[in-house]
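Same chain, two partners: subunit A is paired with subunit B first, then with subunit C.
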Partner chain A sequence: MALQSLTGAVSPTTLPAGDGFGGAMAGWRLQRLAFGLAVGGAYALILAPVLAVMLISLFAQEIVSFPPDGFTLAWYGNAWDRREFARGFATSLQLALIAAAIGVPLGTAAALALDRSFRGRWQALGGALNTLLLGPLAVPGLVAGTALYIFYVRAEFWVDDDIKGTLPGLVAAHVLLTIPWTVRMVLASLAGLDRAPEEAAANLGARPFTVFRRVTLPMLRPGVVAASLFSFIQSFENLELTLLLVGPGRTTLPVAMLNYLEFRIDPTLAAVATVQILLVGALMLVTDRFVSLSRVV
Partner chain B sequence: MGTLGLDSLSRRYGGTVAVERVDLEVAEGELVALLGPSGCGKTTTLRMVAGFVPPSSGTVRIGGRDVTRLPPHARDTGMVFQSYALFPHMSVGRNVAFGLEMRGIGKAERETRVREALRLVRLEGLEDRLPRQLSGGQQQRVALARALVVNPAVFLLDEPLSNLDAKLRAEVRAEIRGLQQRLGLTTLFVTHDQEEALTMADRLVVMERGRVRQVGTAEAIYARPADLFVAGFIGRINVLRGRLEGPGRFLAEGPTGPAATLPCPAATPPARPVLTIRPERIGIRPGAESGIPARLVQTAYLGPRTEYHFDLGTPGSGPVPLLAIRDTPGPAEPLHRLRTGDAAGLHWEAEDALLLPDDPA
Partner chain C sequence: MAALVLPATLLVLGLLVAPMAILFRISLDRYSPTELVQEALTGENYLRAIADPYYREVLGTTLGIALLCTLLALLIAFPAAWWLARLEGRRRSLAVILTLFPLLVGNVVRAAGWMALLGRDGAINAALRGLGLIREPLGLLYTPGAVVAGIVAVVAPYMILTLATVIEAIPRNLEEAAANLGASPAAAFRRVVLPMALPGIAAGCVLVFILCMNAYATPVLLGGPQFKMMAPAVFDQFVRGTNWPFGAALAFILLLVTLALTLAGSAALSRRTAPR
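Right after this comes the complex of A and B.
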């Protein structure tokens, strides 16, 4: 209404036209506003839990309530003093690095085979294998964890040695987490790959493995780097699959946090989670400097 | 350097034939162009020479040695790809050095030869650039240097000019031909551009639907095409249907009846002959006193030359179109005054026309 009277006052002789223009303008602004609100709302929804956790880690009181009594870094000290978190962090880090180091080469090899070896009459088999390799994403972590637990118990009987509760047992389980991500991302990179440079390398005298090492792999680098990053994160943050497979003195960080939660609810967990979030965030930033993640993911 | 030989080389994909029994000998230092429309099998033939496509049957010989079963890296061919296929993550210098490195040549010699090769293609000083920092023409020259630096027995070019703009294309064309002749490279060149083939090649191989239609020098193929496909694919040509009235006399027929008697060679004609004549071999006399009576339908001015579209038809025959191309006449020449609708007398030497067998279609 205000807009209408304003345009009317400025050019009273062309009131109908001015009126229409003002109305269109107002509608346009309203659309922009609604769009902005929707986008802002979506971001708020995504970021709110993360920011809330970071904020709560600084609250002074033990039982979380709002408004806070004050702010303190004491919970970070507490997290450090309770050695299970530091040990869990070390175990998770070690586990994620080893799992990614094994899973990414395996997944890359699988993606290459899917892209190049299953042609013609083998195409259907390739499709089936592709689905199978993505399987770990579809099976709920707890179910897969239980299945692995039962399998490990049997396997221990056969090999006459411990598997569950050991690092190799955990690594084998976490490699399963890394493969679907790697296969997906490397396949996406392969889909857009120009084959001519590989032929040029062969033409210049490079044997097939040299072609792969000197030309194919460097051209796939962004996809492989992104796959490594996401494999690491998947392993580092996994709780469900890991829950039944950890052993005494070999607990991952997420499992240590769950254990702590059974007895106490205080901002110590928020402090640990904040450290975890910052670590992953830093990893992504560093990776993004080397390969533009938005181009791959 | 070496010779290249293809013996009855074929490639089939399931039931479809990509290349059918191609025989070819390329002499040392010779440039042979494989020319044909897309899908004629010329690129497949080249890729069989390089080893990227295994032949269904037949053999490939390089320097007299049978290489049919050898993998690409053991064949000693130097190929320039249509997309250049430079290694995007390596500098220009490392791109060019790659083949030398694969041959186990030491660093010092490698550097000398890379510098030499880059000088040859006029890119000295750009060793440290990445391919994406170069223009299309420069990338093209890096691809040339990379293939040349290893002194391949056979040099293979797959439509190397098709990604360049028209002006650059003429320049690079001359440059490639110059290099090839200076270095005496045995070269197989794939193109769909007849001008490229005519200007660059010692000999042309015209292909269609997997088969070789004709092999010969540019002059031989242009002047004496083996069949209607070659005649129509290389340059422009008039094709007149009809029948022989007698030795050296061809009666052209229009849609509804006979139109005109035309001069043609008296030698033994093929079965079901058609008369073909290049447009620039046709002389025009304005007025209709002598020669083959024709009416000017349309002209197209091309600067140095002018196209004259005639009709040889009579009222009983329906239209019989014929194209003549002459140097654009000066104002004093009678041809200058020839207007659309005017009558003219056309003439040509009997030996300029060529009787070819009609297409089975």
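Right after this comes the complex of A and C.
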């Protein structure tokens, strides 16, 4: 295994006796090379499709083929002119914003309660509630979407109005996506929280709500910002949960892209996908300025 | 304070637990061409799904692909996770962003990328032809191999991030100690690092296996019309067919098979990690 070589922990002098010094060095270099190739290969595999999409969105010819005949930005205009993509983008944006605006406060409140209450004999209940709130992560999107689809169809019968294919119907489903991420991330930041400033504020006469607003919340900011970003992105790119809940004239961007891709891949679709890639990338970089992403995932 | 947990809890109960209960109830109903769902209490939808050779094959394909992809993802992700876990500061942030980025971009976008890479005139065929290795383009797209590549690429970031968290917690001086005591790097890895990383391997495999079992966009877009996995089969029952009870039974079979294998797998791994 070449893995240890990276740590640099094994200096040549500590290598087992009997290994010629020169031979050990050569073997070491080989291990390091193999390790580098393995890491590079893994990242090539996960990044290649993303880079390929961005590249072909610039190709001049309409039928995707390599090498390109030339480069153009015309497909971006073409994509915007296609109603399904422009409206899909607007729907997804609206949906992700509303879902995050509802889900993040609810999830943060729940995380606070789980962290602060449910001590002692209530601990088991807290654990069960925590599992329940992470449930939307555990139930596969398509199965949950199927269940919601039937639920909506049945509920439409009672309320005598459309739910499936409406914005409220989609928002309700997507709030479900935002809760587990928020609970997880806010709980993680609460776990590392120093309680002394809150106690100090309380001792100095601050009321509980003031302590929360002026002390607790600012300390939780990294977790809440990260949760908002994740919630937004989870909602924006979701396909499986959404698939059965969209309706005529109200389709999200990923569903619109999927429907298009079942027939063909072309630079117009790639342009739409690139817009999504750039949006997600920009949001990640912004969030990383607030809170180092390597601390929250 | 405890009441703050209520809104989110009620939401999950109302929009996940209750719908899932209704879905389960419907899986025990009977299909009727006139009223769609006829109330009953029968296991015949489950029996039909298990007895039908078509759905047995779909389930078999799904299991095979999911197991293969989980194993491949583990092998591919381990070196990358190691690399990530031993980075520090700004370089570490950048590596995390690089890992997270394809994951957050979404499955549909990445499937589109694979279509561009694997198609008849795609990048891979063009490169092979340019090198003079092939004359006729290879049929890479719409094959099980394309689905495997696509799913592995989708789940590998999850595996990398899960493994990195655990590897990070393994003190580096343990490896030094093993080396000083005369262990070769391979032995140190096998006897010291691997046992300590096992909980992470278990967690990563469970997460990734669930994602593989339920893959939708990748098999639909990269597998072609003949290739069927369970999640697309469930979808078809509700959109192209109207047999809700049978579709509901398929959904629960998928859920239960995934759950059973996940539990069996974690039990086997935790036995291995238990002190001997």
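By definition in this document, the second predicted complex is superposed on the first by the 267 of 297 C-alpha atoms of A that agree within 3 Å, B and C clash if a C-alpha of one lies under 4 Å from a C-alpha of the other, contacts with A are read in each partner's own complex, and residues count from 1 in each chain.
Assume contacts are C-beta pairs under 8 Å (C-beta built on N, C-alpha and C of every residue); 3 or more make two chains touch, one makes a residue touch a chain.
Nothing here was measured: the structure is a model prediction, and the numbers come from that model.
A.B. asks: Aligned on subunit A, subunit B and subunit C: do they clash or fit?
C.D. replies: Verdict on subunit A: subunit B and subunit C fit.
A.B. asks: Looking at A:E237, would you say it contacts subunit B, subunit C, both, or neither? Reply first, second, both or neither.
C.D. replies: Touch partner of A:E237: subunit C, not subunit B.
A.B. asks: Quick check on the superposed pair: does A:E199 touch subunit B, subunit C, both, or neither? Answer first, second, both or neither.
C.D. replies: first
A.B. asks: As a test of reading the superposition: which chain, subunit B or subunit C, is in touch with more residues of subunit A?
C.D. replies: It is C that touches the greater number of subunit A residues.
A.B. asks: Thinking of the overlay built on chain A, is A:A191 touched by subunit B (first), by subunit C (second), by both, or by neither?
C.D. replies: neither
A.B. asks: Check the residue A:V159 against both partner chains and state whether it touches subunit B (first), subunit C (second), both, or neither.
C.D. replies: neither
A.B. asks: How far apart, in whole Å, are the nearest Cα atoms of subunit B and subunit C in the superposition?
C.D. replies: So the smallest C-alpha to C-alpha spacing between these two chains is 15 Å.
A.B. asks: Taking the stated contact definition, name every residue in subunit A that is touched by subunit B in one complex and by subunit C in the other, in rising order.
C.D. replies: None.
A.B. asks: Mind pulling up the subunit C residues that touch subunit A in the complex?
C.D. replies: My answer: residues 1-5, 7-9, 11-13, 15-20, 22-23, 26, 76-80, 82-83, 86, 92-93, 95-117, 119, 121-123, 125-127, 149-150, 152-153, 156-157, 160-161, 172-173, 175-176, 179-180, 182-186, 188-190, 193, 210, 213-214, 216-217, 220-221, 231, 234-235, 238-239, 244, 247-248, 251, 254-255, 258.
A.B. asks: In the complex of these two chains, what residues of subunit A are touching subunit B?
C.D. replies: Residue list for subunit A touching subunit B: 194, 196-197, 199-208, 210, 214-215, 218-219, 221.
A.B. asks: Please name which positions on subunit A make contact with subunit C in the complex.
C.D. replies: 1-7, 9-10, 14-16, 31, 35, 38-39, 41-43, 45-53, 55-56, 63-67, 106-107, 109-110, 112-114, 116-118, 122, 129, 132-133, 135-136, 138-144, 146-151, 154, 172-173, 175-176, 179, 183, 233, 236-240, 243-244, 254, 257-258, 261-262, 265, 269-270, 273, 276-277, 280-281, 284-285, 288, 292-294, 297
A.B. asks: Report the residues of subunit B in contact with subunit A in the complex, numbered from low to high.
C.D. replies: Against subunit A, subunit B makes touches at 50-52, 71-79, 81-89, 98-99, 102-103, 146-147, 150.
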